[in-house]
Each structure stands twice: as C-alpha cells, then as structure tokens.
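Structure first, then comments.
Just so it is clear, A, B, C and D label the chains in written order, and each chain counts residues from 1 on its own.
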Amino acid sequence: MGSAAHARASSSPSADCAGLAVKVAVAGASGYTGLELLRIVQRHPQLELAAATSEQRAGQGIGEAFPALRGLFSQAFEPLHPERLAGRAEAAFVCLPHASAAPVVAALRAQGLRVVDLSADFRLRDRALYEEWYGPHKAPELFGQAVYGLPEVYREELRGAALIAAAGCYPTGALLPMLPLLRAGVVRPAPIAVDAKSGVSGAGRSLQEGYLFGELDSNLRAYKVAAHRHAPEMEQEARRAAEAGGASGAVSVTFVPQLLPVIRGIATTVFLHCAREFSAAQARELLQAAYADAPFVRVLPEGETPSLSAVRGSNFCDVGVFADERSGLLVCLSALDNLVKGASGQAVQCLNLACGWPETLGLEEAPLTP
Amino acid sequence: MGSAAHARASSSPSADCAGLAVKVAVAGASGYTGLELLRIVQRHPQLELAAATSEQRAGQGIGEAFPALRGLFSQAFEPLHPERLAGRAEAAFVCLPHASAAPVVAALRAQGLRVVDLSADFRLRDRALYEEWYGPHKAPELFGQAVYGLPEVYREELRGAALIAAAGCYPTGALLPMLPLLRAGVVRPAPIAVDAKSGVSGAGRSLQEGYLFGELDSNLRAYKVAAHRHAPEMEQEARRAAEAGGASGAVSVTFVPQLLPVIRGIATTVFLHCAREFSAAQARELLQAAYADAPFVRVLPEGETPSLSAVRGSNFCDVGVFADERSGLLVCLSALDNLVKGASGQAVQCLNLACGWPETLGLEEAPLTP
Amino acid sequence: MGSAAHARASSSPSADCAGLAVKVAVAGASGYTGLELLRIVQRHPQLELAAATSEQRAGQGIGEAFPALRGLFSQAFEPLHPERLAGRAEAAFVCLPHASAAPVVAALRAQGLRVVDLSADFRLRDRALYEEWYGPHKAPELFGQAVYGLPEVYREELRGAALIAAAGCYPTGALLPMLPLLRAGVVRPAPIAVDAKSGVSGAGRSLQEGYLFGELDSNLRAYKVAAHRHAPEMEQEARRAAEAGGASGAVSVTFVPQLLPVIRGIATTVFLHCAREFSAAQARELLQAAYADAPFVRVLPEGETPSLSAVRGSNFCDVGVFADERSGLLVCLSALDNLVKGASGQAVQCLNLACGWPETLGLEEAPLTP
Amino acid sequence: MGSAAHARASSSPSADCAGLAVKVAVAGASGYTGLELLRIVQRHPQLELAAATSEQRAGQGIGEAFPALRGLFSQAFEPLHPERLAGRAEAAFVCLPHASAAPVVAALRAQGLRVVDLSADFRLRDRALYEEWYGPHKAPELFGQAVYGLPEVYREELRGAALIAAAGCYPTGALLPMLPLLRAGVVRPAPIAVDAKSGVSGAGRSLQEGYLFGELDSNLRAYKVAAHRHAPEMEQEARRAAEAGGASGAVSVTFVPQLLPVIRGIATTVFLHCAREFSAAQARELLQAAYADAPFVRVLPEGETPSLSAVRGSNFCDVGVFADERSGLLVCLSALDNLVKGASGQAVQCLNLACGWPETLGLEEAPLTP
C-alpha cells in the first residue's frame, strides 16, 4: 500500500504539530490501554490531555477512579461525544472494543481529528476477511484508508498520516522477527507456527471467570488455538513481506495464543522453515540491519533470549534468533509489553511519526526492572 | 527394545511385592523431586519409607528440615551409603543429578535393589549420544539395561523390571501427545517443533540468580533454545514410534524450553506436519484409543485446552489436539505437573507396574484446584 | 456452651457411622470450598458422595464442568432440593453464601441429615449481633443449636453433633494461637490487634473487578478495615476463653483483613498485650500443651515462623510465637490453607468427630511443597 | 537535630547545582537499588551519570550486563575507587551493604562529593545502638553528621546537605503515617505495633534459598520477628516526634516484617493506641495537613485503602487511616514501592532538595498500573 493511498491531514506535519503541544483526546480511557495512554501522555513533552472519555466512569476524576493516578490529573472522565471534541482536541486515541471503534473513528475523522485507532477495525485490508472475523464493518467508507501502525515497517507512510490503525499486540510480537526474514526470501511463508504467551492485561479488565486470580495464577492455558483473529492480521503482513521477498503461493500462520500468569508482556516463539541453508548468525545480521534505525527493536546477541522483565513498562521489542540446523527450522523469539509496544506505546510512536516528531518522544522510559 | 533385553528382578512381580509393604529408599530426598516422593510414599498403601538420604541435611529430621513435612515422618535424613541400604530396602528411587546418579544406581543394583532412576543416566539407548550431551557414563556396564519409564508406552516392559529410567519431564509432556500419531503414520517425524513452558521447580532448588523470585516473577524467558538435552531423548522415542508407523528417514525435534513464573507444571505445544489429510477429530479419536487404558492420560474433548491448574499436584497428563487445515499442521497441547507425572509420580507409577500392583496405587490424589 | 445444649443425632456416634461408609451431600459444590470438599470426600475412606448440588452447573458432569476433576467422579451436579436428599444422604456439607445457607440447613436437618454448615449462619451465639452483621436470620428456630466447628476447642461437643457451624477461615487463624493464652490468663482480651492476609480463594469465584488477576497480582490491599464480620466471631470465642481465664471487662479484636496475591492460604499476625511478664518460651510451652493432642496444630520451635507453603493443600495450622519484652507484646503468627483448615478440611474434621471416627480421616495429605 | 549540626557543601545550593547538570556516580550500581537509580538518573533532567561501579560486573557494559537497560547507557560498570571519582562526579549515591558503605562514604566525602548513602550506616544517631545492631562503625568520624533522608520530615535540613542517610524502606512506610499523629500527641508512643509485608526486591539479589521463586511464590512468611534492625530506626524517629508532641517515657515499636510474593512494594499496618478519643476523620485531617506540601504522600479519602499496585514504579507513599472506636486503636495503612520511595526515588528526592531543585525532579513518573 503506497503512502499516497492514505488519508492525510491537510497541512504538513511540521506545520501541524511542531512547537506547540498537541491536544489529544483518549476515547475509552478507563480500560488498561486507555490508562496506559494517560500515563504516556502525562510525561510526553508535546502532548496535552484534552479529554478522557469513559461511559462507566463519566463524572469521576481520573485519580478518584484510579488511585494509582491520584494527584496526577486534574481532569474527570466524560462521556464520549465525538462532535464535542472538535474544538478541544487535534488528535485522538481510540481505545474501544472492535466494532464499537469504527463509527467513533469516523465521527472523529469527520471533525478533522487525526486518529490513532487501537482496535482491529482498520487493520485489515480485505473487507471480506474483516467481516468474516469481526462482523459487518461499521464505517465502510473509511475501510482501507488507515496506515497500519507498525512503525518499524510503515515509518514513511505514517509521517503525516491522519488515520492510523495501530498494529495488534500479538501481531507486533510475531511480525517484527519474521518480516525481515520473509522480505529477504530466506524463510518460507507457509507453514509458519507461532506460539505466543500473553499477560492477562491483553484481555483488558473483562469480568470473566477465566481472568480471576484464582483461575489464572500458577496456571497457563491456551485458547482459540488456530482460531484467533490475530492470525489473519499476521498473514496479511507476512504475505506482503513474502511477496517483497519474491515468494508466491500460500501464506499460513498457525497461531497458538496462551494466557500467562503475568499482568504485562507477550513472549512469542516463531518457527520458520528456511527456504535455503541459513544460519542463526546470518539471520541475526539480517535482523540487525533491518532494525538498525528502529529505536525500539533490540536484536539480541548470540545466545541471548528475550525476557518479559527486560521490556516491562517500556516500548521495546526484544528479538532473539536461533537455528536448528538438523531440521532447517529458524526459531525467532520476541518479548514486548503488550500495553506499551503492543498497544499504547505503539500508538504514541505512530502519532509521533504522524506529527513529524522524533519517534521516541515520551517513550524513552527504561523498563521497570526488576 | 524387547522386554527380554531388560534386567529383571529375580522372582515374579507378584511373589516379589504383593501382600507385604515394600521398603523403599529415596536417594537425594531433600531436593524437590525427593520431597515429592516422600509425599507420595507417605500415602502409598504398599510402600514404606526405609531411608531418605541427603548429604546436605544428614542428621536432620525430615520435618525439622522441611517444615511442611513436620509431624509426618519419624525418620531423619542420612548420608548415602548404598551398601548399607541392602538389608533395609528392597527398592530405591534415585533423585540425584545426571552423572552422579549412575554409580549410585549401579551400587544399589549390585545390592539387589530394584531401582527407579529419575536422572537422565539410563534414558538414552545410544551411548555416544549420551556422552555427547552428558559426558562419560559412569556405569557403562548397565547402559542400555533400563526400561524407559514412560508407562503409557512401556507398560509391559515395566512389569517386573529391576532397573527403570523414569522419563524426563519435558519428554513426557512432548511424547505423550505425539507418539500415537507417529505410530499411526499420520504425522511426519521431521520437523517436529516443541515449545514447552516449565515451572521453575523443574530446575530443582538450584541457587542461581535466574531462579530468584525477583528475576522470575512476572517474567518468562526461553533458555537452551534448540540446544537442550531433552531433545535427543524426545527424538529417540519419536524415532521408535515413527518406525513403527512405517516412516523412515530423518527425525528431528526442535525444542524450545521456557521458564514460567509458576512453581509446578509444564505446558507443551507440539507442532506436527500431517503426512496426509487428517482432522483434529480423527487425531483425537486416535489418541483416545491409544490411551483408553491409561489412567493418567486424559484426552480432552473438542475445543478444550489443557491447563496447568487442572493437573497441579496430580499424576495426570492432559492432552488436547487441534488442526489447522490450511497449513496442514496438527497442534497438540499437553499439561502435567513436572514434579508428579514429570518425575516422582511417574517413578511411583513405574514401580507400581514393576511390583505388579495397580498402576494407580498412591497416585489417586485429585489435582489441587484452584 | 455445654454439649447438652446441642442438637444431637438420635443414636450414638459409633452406631451411626462406624463400619459402613456414610453418604454425604455437598450443597453448593461448584464453589471453591465445595470443590475442595469433593476432593477430600473422594479420598476419604468412610465417606461416599451421594449428591453434589449446584444451580449454575446443574446437569453437567463434575469432571465436565471442572476439568481438574475429569475422570474422578461419575456424578453430575444437580439442583438443590433438600427434601430429595433425605433417602440418599445421611450427612450434608452446606457451602452456600451467608443467609442462603440457613433455610437449607433447616430443611436438611428436618430430613434428619447431620449437617456441617460452612457459612456464618450458625456461628454466632448472639442473634442480635448476627442480625447486625448479616441481616435477618432465616432459620431462627435453629439459632444457637450448632456446635462451633473449631475441633481443637470443641472436640467433645462435636462428638455426635447433628448441627455444626464450621469456624470461619480468618477466625480459625486468629483464634488457634490466641485462645490458649487467653484461657491461661496471660494476655489481656483488649485490645487485640489482628492483621491477616488471605489468598483470594477466600472470596470464592466472585466475579468482581478486584479479584481479577490484572488487579491482584503483584499487589496487596486491605479491605473492610476494622469493619469485617469475622471480628465479632473472633470476639465471641476470645471472650469465652478470656472468661475461662478469669478476665472480665471488655474484649476487642481490631481486625485488618488483606488480600494477598496467592490462591490459597491465610497468614495471621496477632498482637497481644501480656497481662503479666511472660516470655515467648513460656507462651510456646503453653501452646504446645494446649495442642498436644491436636493432630493439625503444629506449634513451631523457637525462632521458626509459619509459612503458607508449609501448609498448602493440608489441614495443618502452624503457629509460632514471639515476644517483645520491651513493649510487653506477644506476637503470634499462624498459617493455614483457607480452603482446607479454613473451610472444607475443618468441616470434614468436624464430621469425623461427629461420626466417632479418628479426627484425621481423609485429611492426612501432606502439604503440597513446593 | 538542628540543620546547623550537619555537614554542608561549601557553597550555596543554587550556586552548586542549578543550571548545569550535576554529574553523579552510583556506587554499587548493579544491585536492585543501584539499577533503579540508573533508571531514574537516565530520565532526570539535571543529573548525568558519571560512573556506575560494580566489582562483580566491572568491565561489562550496563546494557550488556542487564538486558533491560540495553541501548540506554553507553557506560560500562567499573570497580569502585573513590579517589578516582573526584574529578568526574560531584555527587554520589552509595548502594552498598551496611558496614561496607561507611568507609566508601567517608572516602567520597573526603573528595568533596555530596553523598546520599542508601545503607543504614548513618541513619542512627546513637552510636552504641548502631553497633549493637550492625557491629563496629567503620567511619566513626562521620557518625551523626548525616541528615536523615526522609524529606517529608527533614525537608529544611536536606537543603544543601552534603551527607544524607536515606531512610530505610520499612521505616519510611511505618513512619510517614505515624509521625504526624505522634507529633500531635494524639497517639501513644508505646506500644506501637507494625506489621509490614515487603516485596522480595527489598532483599536485593541475594542468592539465598528463601528468595528462590520455588520457595517464595504463593507463599508469605515472617522473619526476624521483633528482632529486625529497622525497629530501632523507627523508634529513633518515633521518639523524636513523640517528644515534639509532649510525650515522655518509653517508645516501643514491635516490628513484624514479612516477605510477600511480589517483586516491588511494601504494605504496612501500624496499630496505634489513641492517647485520647480520636476519630479516623480527625486523624485523616491531621495527616492531610501534615502532608499538604508533600508531593509524594497521598492521604487517601475515607474508606480507601492503599494498594501496592497504585504506587508501583513511582515515588508515592499512599496512606489510609481507620479507627476502631471500641478498642481505641487507630489503624494506619501505607503502601510504597520499596525500590523507589523506599530507596532510590527517596535518595533522588533528597538530592533534589540538597541541590535546591524542585523535590519532584525526575520522579514524576506515574505508577505502572496495572
């Protein structure tokens, strides 16, 4: 998808954003990704919180509703009325569930706001595929208009972008290690096996029995095996990379998501079949070259494996690569914080690019270790 | 390996063990697997604890050294002197590190004790392979004499066996789901990808920085990727099953072990390439048939995934199977408690068979849930 | 309260229960305490499960509804109809919420079943106090008829008892260390400060935001500070012991309950003011004497502190005692598994006594360590 | 202790620090508090890392040794040579164990560096008491020269201070709620009971069996009951406040420290005896007034309890207060992150004051929630 195809904010990024702070609204601010955005916006030198919406918490002060944030925000949550945000905010993050997000995104775009959508509503490029997994699209006029918000791949397209669909948490962890290898044509696009383990904050604050501490602590269980809707998102981007690498034919990602007894973090194992003899060292070099200018992807030295604790609370995605010469499999491992690089940090990284700012603004925080 | 090849206790199993309780020694009883054996022996109706050895704790009462066991045992730990166990015990569990175990096993066998070894020293059939991974074997005269202690596969060979090498924790979780499929010839023996996540008790009570709570909680990290010595053990048994299924050629298991922030449990994902079109339902039926008489393998119904909490503290291994038709991959999932079915429970299950008792004796405990 | 005051089953305990297995029903069997009762009944040599009720799971097989129990039970959950249990069960455990339990208990008693109630409905002896904390009592005719199910204190009264109100989880942890000291008159009954930390299973499987893994992991928070309804239960028993110890005047327990990021376990600190100079050694001796015949209370040697892991999955309550000579405070610490000694194990211990069996029947399981 | 008694840096704070960044060394930078200091220094607008010392990691790059910090620091760890730091750093944080810290502090002071010591070596004012708990003091010439680094109490004394003994983690959590009440004379200074639960990072990265994940997860245990060396530190400050409040006579803190299965956080319960009738509302008002200008103490509204998750990763200390009118006890609860407000954040807060900067510089980070 060429950058010309994307909707763009009317003026140039620099005219748009540089200098003065940009006022942002967070729609759906009381969920986990919304709260994480509040945390990042609070320390971001160029962003100013204009509004935080939450139907459930409307009227409550942010710090009153969430004791962790007591004393840090003067605002109260308000109900979401896109039309009323027009004069108040220049950009918005939309943290609403799939399907609910699309009409809000459309309304905000209609008001001229730059929008970063954290839902899946604008990530897929094939509408039939979208509707197979998510049901009827509720803002079809905008379908296909968004830049896919994976800055390490779409950095150029993101500059000045007016509508951004931040990449999903699982896809980010699976795609960052595999895309450069697919683009280089050194691994085959089918079958790709992805085994990912996610902290429970990925499910938001859903009141479901399976997310209770008593059910999840000291536990691990898979769910939606080979049937999770992040698989087509992975396949879309894997296909694009594979085609760039000269591959044709089938692309398949067999995706096994699992719930981990941790709050934050996704650890991903990707099993790839080498298209030709290829060593771990070569793969590592290829990844290092691909991410030489990517401030948030850390390709680990030989023998090191990523760990959730090394990225906790940060926007980093750490990547390690190993080879099993006997089987011809490459094993890529990644780790990221699903609420930061897997969601809100990534959204801010995208907005930074869209506004013409340094990609890292507000995201320099070191991981919380231990 | 035919059962005739194995060393056997002199008399028939029933004459050997039935009726009177069998006196057992636990060598290396103060480690995690040793303690778990103490727990099982304490409730086992046919076993009586004759001796519990520990160099480090020698002289301390069991309950004095381990407050959890206070009041449950009258014995004290003693230093290990195999020759002094002769008159006192008829069987022994050896819970010593790899390489240290072999000479102790040999000494105990020389005294006529039936031995279940929980180390890797007698699991492999290829001595060169053993020495490649573990160094020189310290009781070469016994190499190849042990029955591989995976009762679901070697039930007949285990009856009356005098030397048993209890299967490893990771191999048990990986092999139970894959072996029937390999034996039936419906999946290919290469490449097999295994992504396994283990509770930290699998590493014993090792004083290493990486096992500290501060390093491991809220964390997950892989280690020894495609370089763990349980891989050759998996390949040995996978090869045997594949040959039974008519396959020839390479067998490869690419094994990714990971440390999970839980104390007990191994969750395993096995990615298998179908040799021909094959559905999850067919695979499930095949597994159900294979384990119809296996009291500790529970093949889950369609759509259910195993979870660590459903097996915690028990000798069960739960198995689920899924298919990705587009990619031709079968995804098998299993869960077991690494200290029970992955070690001490399995060892007792083996001894039960060796003694001619019901396989389930002392192992009927329901999982600790939640 | 003398034992004569209690309702009793018509015949003598030995005639009642010895020899043949007793058929029991578990009402409210799908909650955490209900499941724990199923686990214990399954291994109890004298109990046979006659019925397991659950409105929510009615019709589902036990192992179908709870994968951990798959293969261990042939029964299905059924809706609760007390009158239909008459011919089928001789005893019942009632695991229903406070207030819902009372009428069910009354109906089961009317059918002649021996009942162990795990709710708070029959624990208090002062009806006004009950109604202040729990609202109108729904089976007032039975109020005051139950034996308080703390076997270490009411062992004699429990023999043959027909209605038993198993002591609460927090009260058990607070009372076992303090009662012998109050009875001996060496500590003052006011003010007593109790700081208790409970695993989240104490709250059952309630779908509340605060019990989600994302809210509770890596966290600790107090709730209902000095306002929890277990405080009057503690005070009732503390008063009785203090009176036996010759104290008069006020009795007060200031109770601070806290939620701990663990599934099972209650750790309790009790701060007591010495009535006269008194050393930790003397207190320890006093406790050891008081519990010399109590198989489940382990008074720890000097310097040892109880830990949750030492009692996990078992019916033990471990107790340690320390003195601060400068301040004249005695510090008692206890640890128990809230689902076992704090609920279901205690209920079975009570039934064992009521049936004239050894107190430990079905409860000999060693703690799950680690 | 009047501020005149303290050693002071030669010039005025503003001349000293304002404008240009201050170069700081972190001695003992590879432990948990050292790493936390690196994280804070990295984002602090006025601090620049001049040196990070570690004997164990000397020569390794910071990010090489600690993957979480990869890419964030260009420096390598170096061995500690106080004399070589002279020209390079103007201030130092000393994160060394008790007793090892004192001579290093002395050497650094001799070089003219402003020093914040995170050990206990300069916290006590009574040398005999120090030596009773910690052994011979190794820099007696400086004993009594440090300002006690609890900025909420010693804000004025800290301005310009050259030697600061940052308050201990447990004392901070216990003192912040109790001091204003003691100073107001509304509670009695004896007996004070403190029950505190600490995340394991408080113990640093010590290789002790009790800190292994397998021993600590799902667990809680007390240690050094009424025998922990933080008790005299609490008593020292409690006495000072009580005297200010007009109390005379004994001061005693009975302190029960406990290890919690979390990495970060200390939750503290303080039981105080009211000196006169006093309500929770009055206590809350008093605390709110006392901390009106303290940016990091959040006194919670009625009915709210502090929680570790609300302060994780931040420099906040949250305080709640409750009263039990029947017993005359006030119950104060606090929560803080032991590595931040309990150690490194507090140290930076102290240095900010010493340098004449806003107290909050570099410490504005919102808690990591969830």
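Note that in this section a residue touches a chain if its C-beta (ideal position, glycine included) is under 8 Å from a C-beta of that chain, and two chains touch if they have at least 3 such contacts.
Here the structure is a predicted model, which means the values were calculated and not measured.
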item: Of C-D and A-C, pair with higher C-beta contact tally; value: C-D
item: Greatest separation from subunit C - chain, by CA centre; value: A
item: Cα-centroid distance, subunit C relative to subunit D, in whole angstrom; value: 40
item: Subunit B and subunit C, separation of their C-alpha mean positions in angstrom; value: 37
item: Inter-centroid spacing, subunit C versus subunit A (mean Cα positions, whole Å); value: 48
item: Contacts with 2+ other chains: residues of subunit C; value: 32, 201, 214-215, 217-218, 261-264, 306-307, 309, 312, 370
item: Touching residues on subunit C, where the partner in the complex is subunit A; value: 32, 200-201, 205, 207-209, 211-218, 261-263
item: Interfacial residue positions of subunit D with respect to subunit A in the complex; value: 32, 35, 38-39, 42-43, 66-72, 201, 217-218, 263-264, 295, 298, 300, 304, 306-307, 309-314, 316, 318, 364-370
item: Residues of subunit C that touch subunit D when the two form their complex; value: 190-193, 195, 197, 214-215, 218-223, 225-227, 250, 252-254, 256, 258, 260-265, 267, 269, 271, 273, 305-309, 312, 320, 322-324, 326-329, 331, 333, 335, 370
